[in-house]
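Two complexes come next, and they have one chain in common, chain A, joined by chain B in the first and chain C in the second.
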Partner chain A sequence: MWAKCTGDSVLVILEPKLQKDSFSKFFSGLEEKGYELTFRSPKDVKPAVIEYDEAKFSHVILFAPESKSFAQDVTPQSLVTLLSKHTNLLIALSPRQTPFTSLAAEFSLTLPPPGTPLISHFPTRNEPATVIPVSVAPSDILSPGLSPVWFSGVPFAYQNNPLLVPILNAPAESFASDSESDLGADALVDATDKGGEGLWAGSQLGLVAGFQALGGARATWVGGVELFSDEFFQKDLPGGGKPGNEQFASDVAAWTFQESLALRIDRVEHHRVNETVPGQTYTTNDQVVFTAYISRFNPVKSTWEPYSGIEDLQLEFTMLDPHIRTALPPVRGAPGKYSVTFRAPDRHGVFKFIIDYKRKGLTHLHSSTVVPLVPPRHDGYPRFLSAAWPYYVGAISTSVGFLLFSALWLAGDDRASAKKSTKTE
Partner chain B sequence: MATTTAYQVPANLSPTAIANTSSLLRIVALALISAAAIASRLFAVINFESIIHEFDPWFNYRATKVLASEGFYAFWNWFDPTAWYPLGRVVGGTIYPGLMATSGVIFYALKAINLPVDIRNICVLLAPGFSALTAWATYMFTKEMKDESAGLLAAAFIGIVPGYISRSVAGSYDNEAIAIFLLMFTFYAWIKALKTGSAFFGTVAALFYFYMVAAWGGYAFITNMIPLHALALILMGRYSGRLYVGYSSWYAVGTLASMQVPFVGFQPVRTSEHMAALGVFGLLQIIAFAELVRSHVSSKQFRALLFASVIGLGLLGTAGIVGMTYKGWIAPWTGRFYSLWDTGYAKKYIPIIASVSEHQPTAWPSFFMDLQFLIFLFPAGVIMCFRQLRDEHVFVIIYAIVASYFAGVMVRLMLTLTPVVCVAAAIAFSTLLDTYLNPEQPEEETPSAAVPSTAAPSETSSAKKGKKAAPAPATLAELVSNATGPESTKRKTGIFGLDTRLLVILNALGMLVFFVWHCTWVTSSAYSSPSVVLASANPDGSQHIIDDFREAYYWLRQNTPEDAVVMSWWDYGYQIAGMADRPTLVDNNTWNNTHIATVGKAMSSTEEVAYPILRKHDVDYVLIIFGGLIGYSGDDINKFLWMVRIAQGVWPDEIQEPNYFTRTGEYKIDDQASQTMKDSLMYKMSYYRFAELFGGQQAVDRVRGQQVPKTGPTLDYLDEAFTSENWIVRIFQVKKEDLLGRDLKSANSFDQGKKKKRSKPSSRRRAIL
Partner chain C sequence: MAPSKPSQTAQSSAVLSLWKAYNENTSSRLKTVDAFLVFLMLSGVAQFLYCVLITNFPFNAFLAGFASCVGQFVLTASLRAQVNPQNRSEFKEVSPERAFADFALGSIVLHFFVYNFLG
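Entry: the complex of A and B
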């Protein structure tokens, strides 16, 4: 049994219209990986997704693209709450408008008007124009060298959100329209122009998009649920050959459920050079060593393994603004260890060691360690400065002069007064 | 008897017996005065509890705790990362450590003799304890001016005068608590040094000056008073060797010692405030040298030499100071100094100083409130000083003039006026008593018809009346001893009869009684409130304690993570640090104007503008004071304009004060309030859900006396975390960035289930077409 990175309980909310059997390959693939699947229909009350303010499942698959009514515990708001509780979501859409159409907008995805599926007439094939083979662009999330995948459903436009991770984009010659006939092409252009939205067309449209939420959870939006169906898994491509759907679905699920590209910072350490104990405070201009240990989840062994593959990691030493921003390179020979030595700035204050590593597809790495940077102690300043010699000489000469004067005064008083008195007399 | 007397005095007393009795009476009187001084300051503890008051004392208390628990060197090097987050504060180098060191010494001394006393109790009771010492120091000082009886009167006055009590009630653990004692004692030692020409007393003055420098920023008052006095004496042609020795030993030792305080450092030789002392020191050397030369050369040569050298050196010295100021070696006058001369200066250029209520000019009634009948006697006492005009009297006169001016400029400086008022009033009052208690009558008068048997009881009864009458017998005894002595000069002027004497004396005693009455009343009703705890009266007259501040601070302490940063207006920084133990952005140590202005900007901007500021400073909670529900007028909405002004000083393009007024120029919070006002974070936080409290009735702000709009403001970037019982303290939590990268406003409307408008695809797509 494989223990998963964030847990292995999966709730599948499956529309009654969709047969569980028609997705058997996808589901059994998940079960083979060790996930425990629980099925419920959208209107079922049990099992609840959130109970006593706690998420009951580690992952939720929402395959209800056409349902309009859900049980009370499944709302757009509750799904966002799930994300905040580190539950991963896999959500399928369809051209029909459902409560979750509006949710997509919250994830910075814009859906076309209801009832406008993606249409493409290329390449020439027997299937209807809405069933499209889409070639897969290489991505870290997906296995390399995937064959094109069958897709049928609704495209969406990406808004400007750095948290979005496009996984599959529409073919360049595809477009979204409510009419499937070729005759209405001009009418289509007219209509879209009137809408002021331009033409829903081209490779800028997304079909499958991941979303890396700030809390660490992941959500994946899929334009059509058929992509995961047994039928699409097996349907031959127009040019012959197996489609990549099965592997694609498995990869997408793996990414969504945080099997692949999951990183974490195990711990961070900081101390002065030549010391090992972390300092409570540092003094300005100290040489400070900062070390971070980073692991990556290995889905095969389902363990966290030290990971030294990040080359562009940076460390910031920040008080309001970064006073120091430096590369945090991996240490050779020590897997997973990233370390840097730097001189603390000549400015006291409350500083933070910050690692903020956000890359598309990868788990965001964020670590912030607060440490006060203090001025030197009263006895920590250098003594006997060469620049202060005038003062030393002044002090010493005054002391010596005083001693000499006192000695002369005391010793010479009698005679001097005697002389004086004799002279005056 | 050589002269006629108004009443019988015992004649057969030996001078030793009189001296012994009077000294015993003096000691008893001083002890009683000390007891009265301490006792009257305990109102705060009795009415409320043994608690640290107000704002600054909370910091002093916290610092003292560090000193007591971690030792002196840790305190010396203390860097406080929780204050002025994230700048931090080098506490050891930015405070006057005298107060904490005093408490620490007392704490360790008591511990050494196995008396474990809680450091809090030492802090609370330090001010009353030192007020007793102040009474003693004032006694010594006044004794030098006139005599012991005036000294006792002055001690009694300073012991209970409200002007000093206002800063030294139990729990008012502030620098002023010990500073007034040090001030008076330094002055005493200076007068003593001047009178005797003793280097020893000059050094004593210097040591106490050092203590004063270590204790209070007001030491600059001494730094300028003593040179001023010396200069006045020189100009009056009263230069003497005594002056030279006293001043030189005070200045040399005192300045070197004061430079050991890290916060002062090289200021005594680098800033304009200290230049007077240096200049007078140089002048004294020149004059001393001139005197030396004069004793060796002929007077004609000397005159020419003097003329040339004085002019030459004077020009050289002035040019030197001006040149060094110009070159930046000497810092020019600071803004705080200018604000003493031009009361409008601070408001124009340094709003942060003007925003403090104790920096406002003094209102007339407060002179009477703080000094009562002493303020009438004060000029009389100053005139009495002119009658003799010895060197030390010049000091009192200068002190009186300077302190009167400063007290008129700033409420806070009433404190420095109070001692000299007590001294001058005591001189006047004791002269009055001397005159009217003197049993001698002028010569021309026929023998007195007064009955001695009635005079004696009145005298004893007045002696019994209390400590203030105590000096009378001593004075009387001396006078009598003088009268019975060999002195035989006949008096031409004087008082006839007993009735006149009784009338005046009874009147004077009545004034004293009313003074005591007034002081007690003012102390108990006005100056003993800790301001952390508020008191109000129930309908049945019993006391009702409003404890919102501590309620809220303890909530913070117990419900928030230890490193949660709290933003509030700077007034509450020390209290939050002291009671809630949480990092604060700004506090009462207003050393960084920009940081305060940042908080001001966050408070006076819209949520959208404020949020990035809050996030940048890692703010977790925002704390505000709101008095609208119970009518607590010292709340943040009333201080709000200062926040705006201070922010405007730094960001004149973004924050503009006129925007916060209505179109007719009024400061309003009701429906007519300007949009900028309504959008400001401070307004939103203050009135968030306020109208709901009235259940559909018209919501009324009791401080402003205005009606609050029925639909209150909404908050998207903050969550209400806590509101205290009477709504005085409201705490808001700053939300984290949205999970999905949305702005919090739209996230909030999504959470509330509002339908989002179907957004159009981003322009990126259109650009391709």
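Entry: the complex of A and C
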């Protein structure tokens, strides 16, 4: 895991209005996992996130949802740069418009107009309408069987982007509105009548969304920072019982910091059947064995462990187009090993073994190995085929005929010349 | 078959007289050459028919076999032209011995190529 390789350093940009103590459980949970937290307010110049063109922290938590001005090194551009330097981001938003509101659009998240938090009047509870218990849909990222979590903040709409990973969606009866009173109800009804134009409501709105950049870094957007607060960790749910906030926050952080669902290809091997050394070249129609070893990060032990749980892995054997696309199934009894045997196509050229495994939430796996595929050598063909015997017989008979003819010619020389001489005389 | 009797008799008599003249006026040596030529032609035709009607695989074997027939035919025909006493005026400087040596050398080179290409 990159995070563990590059260090466990986390920079927390916390705005002064938010007390560090009010997030003590979340932060101490991270420290228990072995992360080193460094705190800094948005306007502090030090420590810089990028120094000498190098990311100084493995992860950045941006809990400054209402700050409008930041130090020079924290800009939307610098955050994108951080992502390309494999730094993971956890960014909290709020109904207020900040420089990062427009950055969300770059991650294919559309925010409602400023000042419109998520509101839900259901279920009946003592809390204000903006503090909402949200039931958690099961997801690979989250622990199974989580209780509903308290949420307060802004929702966003997902655009069509395959890199987005929805983590938490709004309740079906919730909506975004600029007023807590029922005065806004007419506007909502109007919007519904217009076919949903300008309507921010329903379970298609996102509250927490992950985004996995092409380089593998992960950015998680959270609609409200209170989700991580001690208050919400402890606030009882309307029906009684503890909320799932603490575990949810821990799971979201684990995914964002590439602890969970982090995969990697340790190595790939390829060779002919019944051989062990990789072929320098392969011949058309060879039987080729391709093997990949895949590991998954185990956050408990902080180690990579062989992982055989991928059932839909595919291998492509490509020259411009995949000439062969085949399943790459896990090998029973060999953890982490995926292997397939296939016949190389009857086509020579420069081919690639390609594994390209992209699934939402999982680290994208990509591996490409170039091998030349050559036609058989001059002695690699079958020879003296039965179908060609007429031709062989034809050639041999011509030679025999030639020898026979030469013998006759030479033997008949005397007699013929004698005849000729008698004729001419 | 010829349409009418007189022309048929004329035709057959023409063929007969040709055959007779050939038998009488051709030396046994040229007859040997002609027999070899006929054999080569039939062999080539047989291979060509096999290629067209049954299979041209492996094609290199067909090319080798067929080319050996054609090449040997050309060489033999050249030999025949050079040793024919009637062509003596054309090939004054080429003795029959020299012609046969050329033919033999050419054939050996041809067969060398054919067997290289055959397998």
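Basically, the second predicted complex is superposed on the first by the 398 of 425 C-alpha atoms of A that agree within 3 Å, B and C clash if a C-alpha of one lies under 4 Å from a C-alpha of the other, contacts with A are read in each partner's own complex, and residues count from 1 in each chain.
What we mean here is this: a contact is a pair of C-beta atoms (placed from the backbone, for glycine too) under 8 Å apart; a residue touches a chain by one contact, two chains touch by 3 or more.
Keep in mind the model is a prediction, meaning the values are calculated, not measured.
**Q** Judging by the criteria at the top, classify the pair chain B and chain C on chain A as clash or fit.
**A** fit
**Q** Should A:L408 be classified as contacting the first partner (chain B), the second (chain C), both, or neither?
**A** second
**Q** Give one of first, second, both or neither to describe whether A:G349 is in contact with chain B, with chain C, with both, or with none.
**A** Touch partner of A:G349: chain B, not chain C.
**Q** In this superposition, which partner touches a larger number of chain A residues, chain B or chain C?
**A** Looking at chain B versus chain C, the one contacting more residues of chain A is B.
**Q** Tell me which partner A:S84 touches in the superposition: chain B (first), chain C (second), both or neither.
**A** In the superposition, A:S84 contacts chain B only.
**Q** Should A:P238 be classified as contacting the first partner (chain B), the second (chain C), both, or neither?
**A** After superposing on A, A:P238 lies clear of both chain B and chain C.
**Q** For A:A387, select first, second, both or neither according to whether it touches chain B, chain C, the two together, or no partner.
**A** It touches chain C, and chain B stays clear.
**Q** Go through the superposed model and pick first if A:A157 touches only chain B, second if only chain C, both, or neither.
**A** So A:A157 only meets chain B here.
**Q** Give me the angle at the C-alpha centre of chain A between the C-alpha centres of chain B and chain C, rounded to the nearest 10 degrees.
**A** Spelled out: centre of chain A as vertex, angle of 30 degrees.
**Q** Contact-wise, after the overlay, does A:P335 reach chain B, chain C, both or neither (first, second, both, neither)?
**A** In the superposition, A:P335 touches no partner, neither chain B nor chain C.
**Q** In the superposed arrangement, which partner chain does A:T398 touch: chain B (first), chain C (second), both, or neither?
**A** second
**Q** Closest pair of CA atoms, one in chain B and one in chain C, after superposing: how far apart in Å?
**A** It is 5 Å, taken between the nearest C-alpha atoms.
**Q** Of the residues on chain A, which ones does chain B touch that chain C also touches?
**A** Correct list for chain A: none, the interfaces share no residue.
**Q** Once bound in the complex, which stretches of chain B touch chain A?
**A** Going by the criterion above, the answer is residues 73, 76-77, 79, 81, 85-88, 90, 92-93, 262, 563, 616-617, 737-742, 747, 750-751, 753, 755-756, 758-762, 764-766, 768-769.
**Q** What residues of chain A sit close enough to touch chain B in their complex?
**A** 76-77, 80, 83-84, 102, 105-108, 110, 157-163, 196-199, 202, 204, 211, 213-215, 281, 319-320, 348-352, 370, 372-375, 377-378
**Q** Which chain C residues qualify as touching chain A in the complex?
**A** 27-29, 32-33, 36, 39-40, 43-44, 46-47, 50, 54-55, 57-58, 61-62, 64-66, 68-69, 72, 76, 85, 100, 104, 107, 111, 114-115, 118-119
**Q** For chain A, which residues count as touching chain C in their complex?
**A** Contacts found on chain A: 383-385, 387-388, 390-395, 397-399, 401-402, 405-406, 408-409, 412, 415-416, 419-420.
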